[in-house]
Amino acid sequence: MCIKIGILTMSDRASAGVYEDLSGKAIMDTLNDYLSSEWKSVYEIVPDDQTLIEEALKDMVDVQECCLIITTGGTGPAKRDITPEATEAVCDKMMPGFGELMRQVSLQYVPTAILSRQTAGIRGKSLIINLPGKPKSIRECLDAVFPAVPYCIDLLEGPFLECNEEAIKPFRPQQK
Amino acid sequence: MCIKIGILTMSDRASAGVYEDLSGKAIMDTLNDYLSSEWKSVYEIVPDDQTLIEEALKDMVDVQECCLIITTGGTGPAKRDITPEATEAVCDKMMPGFGELMRQVSLQYVPTAILSRQTAGIRGKSLIINLPGKPKSIRECLDAVFPAVPYCIDLLEGPFLECNEEAIKPFRPQQK
Amino acid sequence: MCIKIGILTMSDRASAGVYEDLSGKAIMDTLNDYLSSEWKSVYEIVPDDQTLIEEALKDMVDVQECCLIITTGGTGPAKRDITPEATEAVCDKMMPGFGELMRQVSLQYVPTAILSRQTAGIRGKSLIINLPGKPKSIRECLDAVFPAVPYCIDLLEGPFLECNEEAIKPFRPQQK
């Protein structure tokens, strides 16, 4: 089974070509570091529009069959920040532990980490994780939560992700 | 007033008799350790079916008048894991602090603690707390949150729970 | 632009004059300590009634144009505690990081901190933050979250809050 991972950047300005999507690139670089399994990225960049975000997420899950989708941007308190709402709208169940842990880790760097509303959830057999929009928080957040991602995808009956253990140590509990 | 506590195990396999319900037993043992008040358990084991879970919770609250209900199982990301949704569906108000603290404590043991979607809430005068399904996490999670449980039940105008203070120290703030 | 901040106390007893609203006063004192900008308070005290709370919040945001509203009381598990539900009902988006951090900080003092259901959210251009009802937890909670508040209000296109840096250090990240 080919492993497909979606990378979805939400940004009015980057989608209009005003600046480069450094965060999407940071996600790509980090996943290349982490994964020893072969994988293929499905990349899209959309403006901060709830309908467009929902359509992009649904396409990545339902049509492209990505087992994992990582978003960046649109998680703050500003009027156009709507990624968590779009994520919740398309998900079957929410995973509050991801946002809690990422905020806790980011709080070690900046007190404004509590302004990030990022969450995670499951649609079908796919795990969707929101990351903040700042390029330098991408690695911080993924380092915190990624050890749980391969086992989560196992539980969703997705592909078996193998990792470069020097970069990240996935944890798979013994089955009871 | 007789103190009744519900113990509800969610498991397709245990409810079919495929294996023993070790987690339900661990809850019973832990409560026997904690409580010096006399109490009576109301125990049920159901498959991971949202309607059946909701019915069992409603029966324990509305008919059996349990002041506290502790569930185990069905909190993960897999398709059949539906306990948090069933809990939220029957509760009047949610208590996010329980899930946050339990995940934080479990994170000290396993990075996959963020996959647990367990929550807590109030229905009528009853506190419902979800625990994960793994037997060894029962005590860890209860040790973390139980010190707040007797005071919570006081606030819900339920029975006064007395504890063995060597096993667990309940905290009741001075009234303002 | 005149900086207006709402202070909303929820209490059946304080609103009936049974006792003094020490928590509202503690919020006022703390904000006077924190802020070097001139500001004006909009103060109200209401009973624990969801409709009255929602009306007070809407008035403070939509009519009084407060950029920040701090509530106290009504965050516990008891039947009349309904502040988080009223807050969520009037908000466009929720800010889960505030409640998470405040509970985490309060947990250093009392294990019953997990019983507090306080949250925060955005309505229009206003940030609404719930605090617990106990006077002594006001300062603890505000010390934890206030460093992120001025930047949040910047992102909401509200007034620029300046602080007494000996009392509280606001954090404004460099724009990307």
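Note that the chains take the letters A, B and C in the order they are written out, and that residue 1 is the start of every chain.
Operating definition for what follows: a residue touches a chain if its C-beta (ideal position, glycine included) is under 8 Å from a C-beta of that chain, and two chains touch if they have at least 3 such contacts.
This structure is a prediction, so every number in the text was calculated from the model and none was measured.
Shared contact partners of chain A and chain B, listed by label: C. The pairing of chain B with chain C is characterised as different-residue: of all residue numbers used at this interface, under half are used by both copies. Taking only C-alpha atoms, you rotate chain A by 120 degrees to land it on chain C; that is to the nearest 5. Here the CA centre of chain B is 31 Å from the CA centre of chain C.
Chain contacts: chain A has residues 96, 100, 104 touching two or more partner chains.
Looking at the complex, you find that chain C touches chain B at residues 76-79, 81-82, 84-85, 96, 99-100, 103-104, 107, 110-117, 119, 133-135.
Note for the complex: chain C touches chain A at residues 93-98, 100-101, 104, 122, 127, 145, 147-148, 151-152, 155-156, 171-173, 176.
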